[in-house]
Structure formats: C-alpha cells, structure tokens
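Chain nomenclature is as follows: A, B, C, D, E and F, assigned in order of appearance, with residue numbering initiated at 1 for each chain independently.
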Amino acid sequence: MKLITAIVKPFKIDEVRDALKGMGVEGMTITEVQGFGRQRGQTEVYRGAEYTVNFVPKARVEVLVADGEAERIVDAIVEAARTGKIGDGKIWVTDVDGVVRIRTGEKGADAL
Amino acid sequence: MPDIDSGNTAWVLISAALVLFMVPGLAFFYAGMVRSKNVLGMLMQNFFSLGLVSVLWVLLGFTLAFGKDLGGGLLGALDFIGLSKLAEVPGFTDDLALTIPPMAFVAFQMMFAVITPALITGAIADRMKFGAWVVFLGVWSIVVYAPVAHWVFSPGGWLFQRGALDFAGGTVVHINAGIAALALILVLGRRKGWPAEAMPPHSLPLTLLGTGILWFGWFDFNAGSALGANGIAGQALLNTHVAAAMAMCSWLVVERMKDGKATTLGGASGAVAGLVAITPCAGFVNTIGALAIGAVAGAVCFLAILLKYKLRYDDSLDVVAVHLVGGIIGSILLGLFADHSINGATGDGILLGGNAELLVNQFIAVGATLAFSGILSFVLAKAIDLTMGLRVTEDDEAQGLDTTQHAETAYSFGDVRSLGRVA
Amino acid sequence: MPDIDSGNTAWVLISAALVLFMVPGLAFFYAGMVRSKNVLGMLMQNFFSLGLVSVLWVLLGFTLAFGKDLGGGLLGALDFIGLSKLAEVPGFTDDLALTIPPMAFVAFQMMFAVITPALITGAIADRMKFGAWVVFLGVWSIVVYAPVAHWVFSPGGWLFQRGALDFAGGTVVHINAGIAALALILVLGRRKGWPAEAMPPHSLPLTLLGTGILWFGWFDFNAGSALGANGIAGQALLNTHVAAAMAMCSWLVVERMKDGKATTLGGASGAVAGLVAITPCAGFVNTIGALAIGAVAGAVCFLAILLKYKLRYDDSLDVVAVHLVGGIIGSILLGLFADHSINGATGDGILLGGNAELLVNQFIAVGATLAFSGILSFVLAKAIDLTMGLRVTEDDEAQGLDTTQHAETAYSFGDVRSLGRVA
Amino acid sequence: MPDIDSGNTAWVLISAALVLFMVPGLAFFYAGMVRSKNVLGMLMQNFFSLGLVSVLWVLLGFTLAFGKDLGGGLLGALDFIGLSKLAEVPGFTDDLALTIPPMAFVAFQMMFAVITPALITGAIADRMKFGAWVVFLGVWSIVVYAPVAHWVFSPGGWLFQRGALDFAGGTVVHINAGIAALALILVLGRRKGWPAEAMPPHSLPLTLLGTGILWFGWFDFNAGSALGANGIAGQALLNTHVAAAMAMCSWLVVERMKDGKATTLGGASGAVAGLVAITPCAGFVNTIGALAIGAVAGAVCFLAILLKYKLRYDDSLDVVAVHLVGGIIGSILLGLFADHSINGATGDGILLGGNAELLVNQFIAVGATLAFSGILSFVLAKAIDLTMGLRVTEDDEAQGLDTTQHAETAYSFGDVRSLGRVA
Amino acid sequence: MKLITAIVKPFKIDEVRDALKGMGVEGMTITEVQGFGRQRGQTEVYRGAEYTVNFVPKARVEVLVADGEAERIVDAIVEAARTGKIGDGKIWVTDVDGVVRIRTGEKGADAL
Amino acid sequence: MKLITAIVKPFKIDEVRDALKGMGVEGMTITEVQGFGRQRGQTEVYRGAEYTVNFVPKARVEVLVADGEAERIVDAIVEAARTGKIGDGKIWVTDVDGVVRIRTGEKGADAL
C-alpha cells in the first residue's frame, strides 16, 4: 500500500479530484496548508506600508493506493495539477504498512 | 413661505443619516454572498460610491436633477451648480418641503443618488476591474441617474407632470439600477465556472447583518420621503415594514415548496424584495395594500431568480430578480392599490374604484425608465469595455478581486497566514 | 383632540426604526454565542419573528392588545382588526399619544410584539426544530403576548387600571419572555453534552456587535415609550444609558472576584442586564435611582446564571438569568425608586417617602405575568411536542441546525470547503 | 426661558443615540485591524469606556465641564454633581439649548466624554494591560477631558470666551485624544516585532463595518451639536458627509500614486480623516469649504502615517495621523473657511475676507490643548507605569490579549478548536 | 517507531482522545481536513439552486507510537471512531525512522 | 529522500523558516493543527463557567530533504523551535520513495 501526498494549487483541486475519479480512485483527503518555496507570496499594502506574505495558500492531497497503481496515479495528478507556472507544487510517495476501514474493520486493499 | 419646522427637519435629517447607513448595509448584504476572495472587491465598489457620487452630486448632480426645468421636463438647469443660491429656489417636490432647510433636502436626495448605482454591484460580482467600475459609477450617476430623478422627483419633470407616482424610488432607484445591472452584465459576461460550479456565500451572517441595516434604513428611505413627520410618514413607515414582513413569509413558503427548506438567505431576500416593491407605494397605499404588495413581491421575485438559469445571464446576486422585478411589481401595483384616503396627492387605484389613468401613467414611467437607463447603461458599458476594458484577467478572477484589485486580504484568522515581512 | 406634533411624531417614528433594528441586534448577540454549526438556526429564529409576528400583529395582535377593553381589562375587542377604523379610537396610553399619528403608535408597538418572543430563542439554542419554533412563535404572540400587553399597556387593562407601572416593558417584554423561555426549555430538554462539554461562543465580535445594536436601539425602546420628545424622554434616555453602564461595571467586578478575569462577554452581558432592569423604570426614576438599579442588576443577574448549573436546566444563553431576573429586579425596584418629580404619572417610591401601594401593585403585576405566561407557554410547548415534536433528531443536533434545518452553512472561508457542484 | 421644542428635543435625543452607537463602531473599526489574538482586548478597551466613563460623567465629569465657571474659565464648579439641581442652570452653550430638556444635553455631551478616550485605544493596540487601561481611562476622563471640554464648550470656558470655535470637538475630542495617544505610546513602547514584521488586519470587513457605523453616527455627532433641528444642523450634516466623501477620494488618489493600489482600508481611513477634520468646522463653513477641508485632510493624513516609520513610534492604528493631524487641519482651516452667512456665531474666515483674529484664536486653542493634554497624559502614563505597570509580559503579548487579559477567544470556527471540558 | 494516521468524523475526536488516553498514549495531533469518498457531501440550497458540497469535514489524527503498540492502538481508534455509518474513515500506519522531542532533544521512545 | 515532519509552536514558524533558509532548504509546507499532549490547553471563562480547552494550537512543518541532510536539518529545527517550555513539540522523519515537481515533472533531488 502507498500513500501519495501532493501539494497543489487550491483552485486545481477540482481537476485533480476529477482525474482521480476517472482512474477509479474512490477517495482522498484534502488539507488547506501554507506553502513556502520559490514562488513568492503576494505583496499587500497596509496604510502606506508594503509587505510580502511569506506563505502561499496550497492544498495538500493525500491518496492511499495499491502499490502497483502509485506511479500512474502520480502521473495523473501531475497532469491535472500542472499550470506550468512556478508554485505548482510537489508530489511524494511513502510506503504504508497497512490500512483499515473504520466502519467495517476491513484491512489492506479492501479498506480503500 | 412657511417657517422651518423643527420636527420635520429632525425627521428629514435623521432620514438622511439612515439612508446613508444603508450603503454599508447593502455592501455587507452583497459581500456576505460572494466567495472569501472577493469580499473587499464588493465592499469597495459600494463604499466608493459614497465617495465619488457624493462629490459629483454637490458639483453637478443635484442641479441636473432638481434645478429649474430646462424645458420638456427632461433635465434641470445649472442654477444650483455647486449648491449655490439654494435658498432662492429649493426646487422641492411640494410646499411641505419648504418647512425644512434646503440642505436637509439636498443631503437626503444625495443618499438616493449614492445608493442607486451601488445596487448594481450585486450583478457584477467577482469579475469587474475596479478602475472600470469607478468610471461607470461616475458617468452613470450624472448621465443616467440625474435625468431620471428629474423626470420623476422634480416638480418640473415630465413624468411628475404626467401624474406618474413614485413615493420613494421604485422607478428612479430600483428599476433604474436593475435594468442598468442587466445591461452591464450583458457586456461583462459570466463568472468563470458559473453556473456549473457552486459559489456559496462566504458569510451568511454578514449578509444578514446587511439585511438588518437595510431594513432599518429603509424605514426612513420610504417614510423620510414624506419630507415631514406626519400621518403620511407614519403610514409609509408601517407599510414599509409590513410589506417586508409579508414578502419574507411568501418567499419562504414558495422556497420551501420548491426546495424543501426555508433558508435564512431566502428570508433575507424575501424581506428585501418586499422593501423594494413597497418603495414606490409606501405613502400611497393602506396597510392591507402593503400586505398584498409584499405577498406578491416575495413569491414573484423568488421565481424570477430561476430566469437567469434559463436564459444563462450571470446576474450574480440577483439584482434583476429583486430590484428590477420588484421595482416593476411595486410601480405597477400602485395603479391598483393607491388609496386617496391615505394621501391626497393620489387618486384611488383601480381596486379602490379609481380609473385606469394612474395605472397607465405607471406603465409609461416604467417603460421610459427601462428604455432610457437600459440603452444608456449598455452603451456606457460597451464604451468602457472597448477603451479600458471592463473585466479582470482570468488569473486575477481565479485569484480574486481582493488581492488583485486592492492588494489586501479580507480575513487573516490563522497564526501562520498573517506572517509577513514589511518591504 | 390636539394636533399632530411633528417633533413627537419624528421621535416615535425613529424610535420604531431603532426598536426594529434591535431584532437583528438580538439575533447577532445570540448567534455569536452559539457554535458555528448553529449560527443560522439562531439568526433565522429571530429574523423570522420580524416576518410572522408583524403580519399577525396587523391582522389580530394590535386589536387584541389595544382595542376597546372587552371587560375586566383582560383583552381588547376586535374593532381594530386589520388596523381598520384606527382614526376613531387610537386606544393609546395617554393624551400625549394623541399628538402622534395612530400608525406611528401601531408601528412602535408592533416592534415590541416582534422582539419579545425573539428573546426566548436564546434559551432554546441548538436543538429546536424550525417548524416547531414557527408554530410556537405565532401562537405565543397572539395567545400570550397580546393579552399581557393589554393588561399593562392599554388604558383599559386591569394592571394599568390598578396602577401597576411598566414604562417600557419590564413585565410585558422581559418577564413575559423570560418565564416563557423557562417553560419551553423544561419541555425541550438540555443540549446533548451540556453541561460537561464546553460550548464556547463561535464569535464574540458578533455578540459584541449585537450588544452595540441593542444598546443603541434600547435608547428609543425606553425613551420612545414616552411617546413624545420631551423631558421625560430625555430622563428615560439618560437613565437607560446610565443603568447599562453601571450594570456593566458591577457585573465585571463580581465576575473578576469570582473567576479572576473581566471578560468581554461579561461586559456585554452586564450592559444588557442593566438595560433589562431599567426598562420598566426608565421614565419614572431619577439618575441616581438608575445607577442603583443598574448596580443591582449587574451583580444579581451574574449570580443568577449559576442557578442553571445547580438546578440543571439548560437555559443555553441565559434568558432566565438576564431577562426574567433582570425584569423582576426592575419591576420591583420601581416600587422603591419611583420619583414623582420626574414623572407626574407616578407617586414616590418607598425610598423617596412614598407608601407601599406601588410596590404591592408591582408584585401583583410580576406575579400575574409569571403565572399567565408560564402556564400557557408550558401548555403550548407540551402541545407542540406531543403533536409535531419540538426537538431535532440526535444526528441533526450533532450536525447542527444550519445544514439540517436550513440547508445552508454559515461560513465558507477556505478555498476547498466551498467547492461544490450545482445539481 | 423658552419652552421645550419637541423637534429640537427629538433631534438631540436621537443624536445622543447615534453618538453612543459610534463607540461600538469605533471598537469594530479598530478591532478589525488587529491580529486575531487581540480582537477582544481591543473591543473591551472601547466598550468599557461606555461603562466607566458614563458613570464618572454622572458623578463628576459633567459638572466639571459644564458647571458654573470656577474663575478664569478653567474648570466648572461642583453645582451639578450627581446631576442634581440641573433645572436651575443648564450651563448650555447658548439659548437655543434652552429649548431642549437639560437631560438631553447631558446625555449628548456624555457620549462625547465616552468616545474621546476610546479613540486612544487605536494607538496602544496589542500590548497594554487591561487593568492599567481602566485606571488611565477613568483618571484621564476627569483630569484631562473635563477641563478641556469646559474651556471650549462651556460658555464660561476661557477659549470659548476668547472666541475660539469648535463646532463639535476638533480640539476637545480629536486633538485631545490624539496627543494623549502619542504621549501614552511614548511610555508604553512598541509592539514586539514592529515594524519589521507585518501585522495585517485580521478582518477588514469588521473594520469597514466600523467605518459605516462611524460615518452614520458622525452625522449626528456634528449636526447634533447644533442642539436643534434647523438650517445650521442641515448644513453641518451635509458638510460632514461631503468632507468625508472628498477625503476618501483624495486619500485613495494619493495612495494609488504611492503604492499603486486603492485599498479598502485606504478608503475607510480617508473617510474617517475627513470626518475628523470637518468636526470643528461642520456648522461654520459652506459646502465648498467642506469639500476643500476634506480634500486636504485625506491627502495630508495619509502622508502623516509615514511619519511613524521615520520617527519609529508605534502608533499602531494611526490615531496620531488621523485624529491629531486631522483635528489640527480642521481647527486651523476653520480660520480660513469660516462663513458668517452660514452661521451668525462666527465671522468670516480669511479666505472669505475676514481678518486673522479667528485664525489666531484657533492656533491658541490647538496649542493649549496640545500642551495641557500632552503633558498630563504623559505624566499619568508614567505614574501608572511606575506603579502597576502599563504593559503585559512578553509571553502574554505573544499569546495575545484575548486569552491573557480576558480568558476568552474571539473566534471558534472549527469543530475541533472548540472542544473543551468544563472544570 | 510507527506513525498512525486516522481520518475520523470530527465529533468523534473526543472519544478517540479518551480511548488513547485510556491506553496511556500521551499525545496526538489533530488536523481539520476535507474528505472525499463514498460518503456524499451534504446538499445545500442557494436561492433556488441546489448543490452538493464535494467534500465532507473530517478530522485527521496523528499518533506516534512504539512499534509494538501500533496494532492495539489502531484497534482502539477503530473502536472509538466507529459509528457504523458510511464515512467513518480510514486508519493507516507508516514506519518512522526516528523521533525527537524538541524541548529536551530526547530521541526515540523517550521523545513520546 | 526523507520527509521531516515537525510539530512546533506557531509563533516559532518564522524562526524555523529562517533557520532552514540559512541551510539552503528551498521550501516547506505548513499546516495549522491542534495539539494534545503534556501541555494543558488554556483555561477560559464563559459566563461564570471555567473550562479548559483540550487542544493547543500548533504548526505542523513538512520538509522534504535529501537522505544525507535529514539529521542536521532536524537539529536545526530543534534549535530554532526550542523555547525550553513544555509544548515545544516533536519532530519525526520518514522515508520517501520518490518526489516529483509538478511544474516540470523533475524527479528526486532535482524536484526540491
């Protein structure tokens, strides 16, 4: 079992979700996060003082998938989330020992 | 000429204050309904009307609306330009007005000029350049608002002369703004993602705050138009409230039948619809008439919203369904419900045994306002679009008006979000 | 009969507007204190009173309260039904009222009828079906409010006749609503998790906004009850403010002693407690009397809150401790502090050398209101519970009133939360 | 002595109500600008002024300000202590005032005493102990505010006698509070992290709500100071609005030139700057004068903000730049724009062909207020700092005033955050 | 060392916390997240238009535990978070190289 | 590739960010979370009733780093985030199979 974590631009969430749905991925979990990276935060003005916001709002997507599927799903997310502009984000994959569905207690692939 | 009456003066002055307060009220009513990235854009479009239109009204607007008629009842002369020589010819709508200081009348009317274009902002939510709005706002208030105000509110205006009635602005304010909103969005186009994508209100409490302020201010918007503290003002105030209450009920009943729930936004919207519809009638109908007008407005305005989904125009916050349709309902129903025993300035409406003359005049007033405001607003919008452009870029629309138009963020609740370094 | 006085009319009209504004004020005061999933439920319970009760008041309520007495001072006749024939017998509370247009009086009194049941909503937070509330609201306003208003405010009412005094609604509004709230929650039961689980206010700024609006409106709620712009109105306004200010101080002092901190909610609650207590006394006591009443109310109402933890009734937002207890404090203390030199309509209270007659009458008025409103409200609540049911399901309570009762969410700040597809 | 005039009375009473409403308005204007951990601290500092200062005003403040002059025009005697024997000597500012009940005047003036120290809170945001503020607030309102009010507003005051003019509080309210704010922050010091760290407003909609309420209330703050509903009140109201509108425009123009954007906070700040500047002039200048004063105030107050970055004093929410600078602008420009034809109580200003006498008196009034209030406020701040301490601990400042001073949290939106167990 | 991540219904947080406390687990970290899965988002009404919210509010619980304890703690969470209705959520376990307590610099099990 | 996750006090975020920047770490992702542990939540007062908030606001920092660098970066975060008072938080490190930069599709270390 693999856990795919993707940091994407918030307004791309819907496209990512549709892409995953298209590949039969039944679920995902989204967190609103603040990102720091090459993309600079926007500049705001407060009564004559300009300042740069340090962080950029991003969405963090977590998807549990079967080992075999990880690669193509990562590719699908890259596809859906790309704008080509700086700040598109990262995707990383980690190994998962096991998964349980709380409702049924099912384990492993059946839990997804 | 009669002396100044302190009671009438107090009433008109406090009425001017309450109508002023309606502008922030309207701003919050609308701002609560937009997404959190466009809150300031909406607030600013409304608040800035307080700035720009007020100044223009002093310099030019008032005299165009209430100056001596230039002939044909089409426009006022420049005799009051810069509010000079006001003592001489107040240019008020009747003798009663002579019991209040000219400046009280000027201030009260100024607030109408300010809030009318602000009503339009609900239709253009989330996508118009601030700069383009500033130009539209300023030009519209002089070229469209002032003439229509002259026609209807000035004793010299041609609709006033004809005997068309508008107690507090059914044609001048609501139909005028409503049709202008429709014209503007036809040029501006739809929000990206509409209607497939849901764009729920970011803060309904803010919208209900706006509703409360609007309701409060509307008492004096309508009853203040009596220009005195008297029986007509009392009836107008009661009618205003009763119509809003009834419209809230009827909107919610229809909504519950159609969608299965009575929503808070529905309650708020129904009340506003009732307030709009009673505006032209407030001082001319009796209490039962007000109930009837409210009942019709609540139900019809709700159904009118569905039009935009059919016809695919993105009247984002339903200015057309509430102000245009509501204004027409009120202006026309006045022909049926006008009650001479309430106000000597009107004959009886058809349902009270009067003849059709008033109804005909009301249709003429509605038609004239629709045509004049609709056409000029469309032309103005087109002109701005072709020159400086009306609409923000796709990226800016996606990012929101607040950061792109005003370099600000509406809310910073978290500990992290607000971290930043001063340049 | 005297002529209409424009100053008095302006005062009563603007007062009606300010009391109207108190309803949203109350809605925000309460809504800020509930959890974020129940905000709209609370707002809607209050706003809808503006809709339903206003309409009922026109049709039936006003005449039951202020119509010619049917005998015994118990109820008004139907002569003003639908507000007809009002010119004839205004049914006002004194000659002064004859200097304002009947409709001004009707509108002002209507707002009292609207806000009184709205006070109850604070006790039933987070767990009552909207439909059940609508029924309770409508029936209660006719069956409980109108009679009590007749008893106390109408010249024909038996308590009015007896000489019991209530300047602006200590019995009619606050005790009436407070005891009804207690009766209703005894049937409704406690919120799930209360009192072990903390249920902190979701937005204290919203509650303070409500406090500000309430304080503002209360000036005219009380001073407007003079039905004229005169010395009594001036004293009433000053007393209202001073009592609120003093009560804020005394609440905070006691709170700081008990809990170690002076909280903003404490400051707001203290002010409201003072406003409640001064309501029956506003135009009858002198400034020092107002200070004393405020000081008592702030301290006692704070301590009264602790009762609910002892007796285990879930008066969620403390309607009982603030309105019931505060209303009793004011109504009774009037018997001590009444000052004939302030208002000829009253004798001196005991502390100013008067006899106990007034005090006795105040006790009778309080007792009668408690008994009548308490019993009928309980019966009404039971009846609704047995027929349609008062309370939402456990799941709905857990999910919150906003989505389950109104299919809406109060706030959508995030970018993700608001994503949705139109059906 | 003339009879009570119901119209004038209605006007002054409703004006007192609107000025009261400005206090919550100010609280929200400021609270929106602080970070979310300091919202309640700011709200409470303002709301508590309604409690403490009102009570002190009844007991001592009013008589010190408006009691018979003790000699030299420096202070009022104690004859009205506890508001006793008011009927005798109203101590009003002119005969006109004799047409309203004394208590109406007392209430209206009380609100000025309440809001003036509240203005200071904007400068001390996020770092002052609540207890220390309470002491400063109470002492300042007696030791600083009351005397200055006597000098300028009381017919016995030395500046009044000299012929210095202040229609509604340019010196008494704005310069007085502005210089006191500067003195207090010099003792208090800067917020940790300022100016390097950005401290953006946590809720601009809250700030705009405050702006709307302030603008609304300011109409009566200024026009109510005419103490009657008459032509001067009408002109004052119109001037107030026009100056605010013009100042909004000029602030935004300058801001856009400097920073490239017109911000909503800029629009709001500009309007407030205009309202401040017009305050001393409202009933003394003509409409064009008001436009000019607004135009200057908007631009100059914006530029004045930049001073604090140069001089490194942390006037957190720009009380100095807006109220001190704005108040001086208005008080001085009155010497240029005063118009005898608007108000017989003044001669013409220099620009209208008058002599320099008024201008000189205005400089004296400004200078006297700066010196008196500046020095006493500094001494008072020092005294408190050396005894109980002005400032919260570093940890408390980092955690925020809300939890550390008031044991509360402003907002609890999430499902998780609000979870807690009752002790 | 293992990291247990659980997506649960927000109103179950208190029960989960009590269960863990009962087993001597000293700490946990909660994140408010938006879930997408078989459970549909609720339907809301906006002026005559019905729409379905795509995501359901969930709470994300992270607990670091010693290797041996992972299983029984997962079971405990399943127990505490289950309502039996769709949308109860998932639990997954990942391996952790090491843990540090910032305050003390303690490493490994002592850091918990 | 390693993923470092740190739970820190929110007002320490800026210092952590500066520390990482100093070490040439180009990016990080922050989540606002609620923590439960030895540190008690603050006590609040609500109309005469005292209650303790169960959770303490914390910030969750995620940083992807090359295998070799993990240790010194963990030490740097410990340094920057420490106040010495209870509630300073935890840091844990997990192994990452792979990383992709969405904008470019770059993989591994180049993606950072």
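Remarks
Note that in this section a contact is a pair of C-beta atoms (placed from the backbone, for glycine too) under 8 Å apart; a residue touches a chain by one contact, two chains touch by 3 or more.
What you see is a predicted model; the values in this text were computed from it and never measured.
The minimal number of chain-to-chain contact steps leading from subunit C to subunit D is 1. Interface of subunit B with subunit D: the two copies contact each other largely through different residue positions, with under half of all numbers used appearing on both sides. One inter-chain figure worth recording: subunit A and subunit B are separated by 45 Å, centre to centre, where each centre is the mean of the chain's CA atoms. If you average the Cα atoms of subunit B and of subunit C, the two centres end up 33 Å apart. Averaging Cα coordinates per chain places subunit A and subunit D 51 Å apart.
Counting only residues that touch two or more partner chains, subunit F has 11, 14, 30-32, 34, 44-46, 49-55, 57, 94-95. Of all residues in subunit D, those touching 2 or more other chains are 5-8, 10-11, 14, 18, 195, 197-198, 200-201, 203, 209, 213, 259-261, 263, 265, 407-409, 411, 413-416, 419-422, listed in ascending order. Interface residues of subunit E, counted against subunit F in their complex, comprise 1, 3, 14, 17, 26-32, 64, 94-103, 105, 111-112. Against subunit D, in their complex, subunit B makes its touches with residues 4-11, 13-14, 16-18, 20-21, 23-25, 27-28, 31, 39-40, 43-44, 47-48, 50-52, 54-55, 58, 82-83, 100-104, 106-107, 110, 130, 203, 206, 209, 213, 405-415, 418-422. Residues of subunit A that touch subunit F in their complex: 2, 6-8, 31, 33-38, 54-55, 58, 60, 70, 74, 77-78, 81-95. Listing the residues of subunit B that touch subunit A in their complex gives 197, 398, 403, 407-409, 414, 416-417, 419-423. Partner subunit A is touched in their complex by these residues of subunit D: 195, 198, 200-201, 255, 258-261, 263, 265-266, 269, 302, 305-306, 309, 318.
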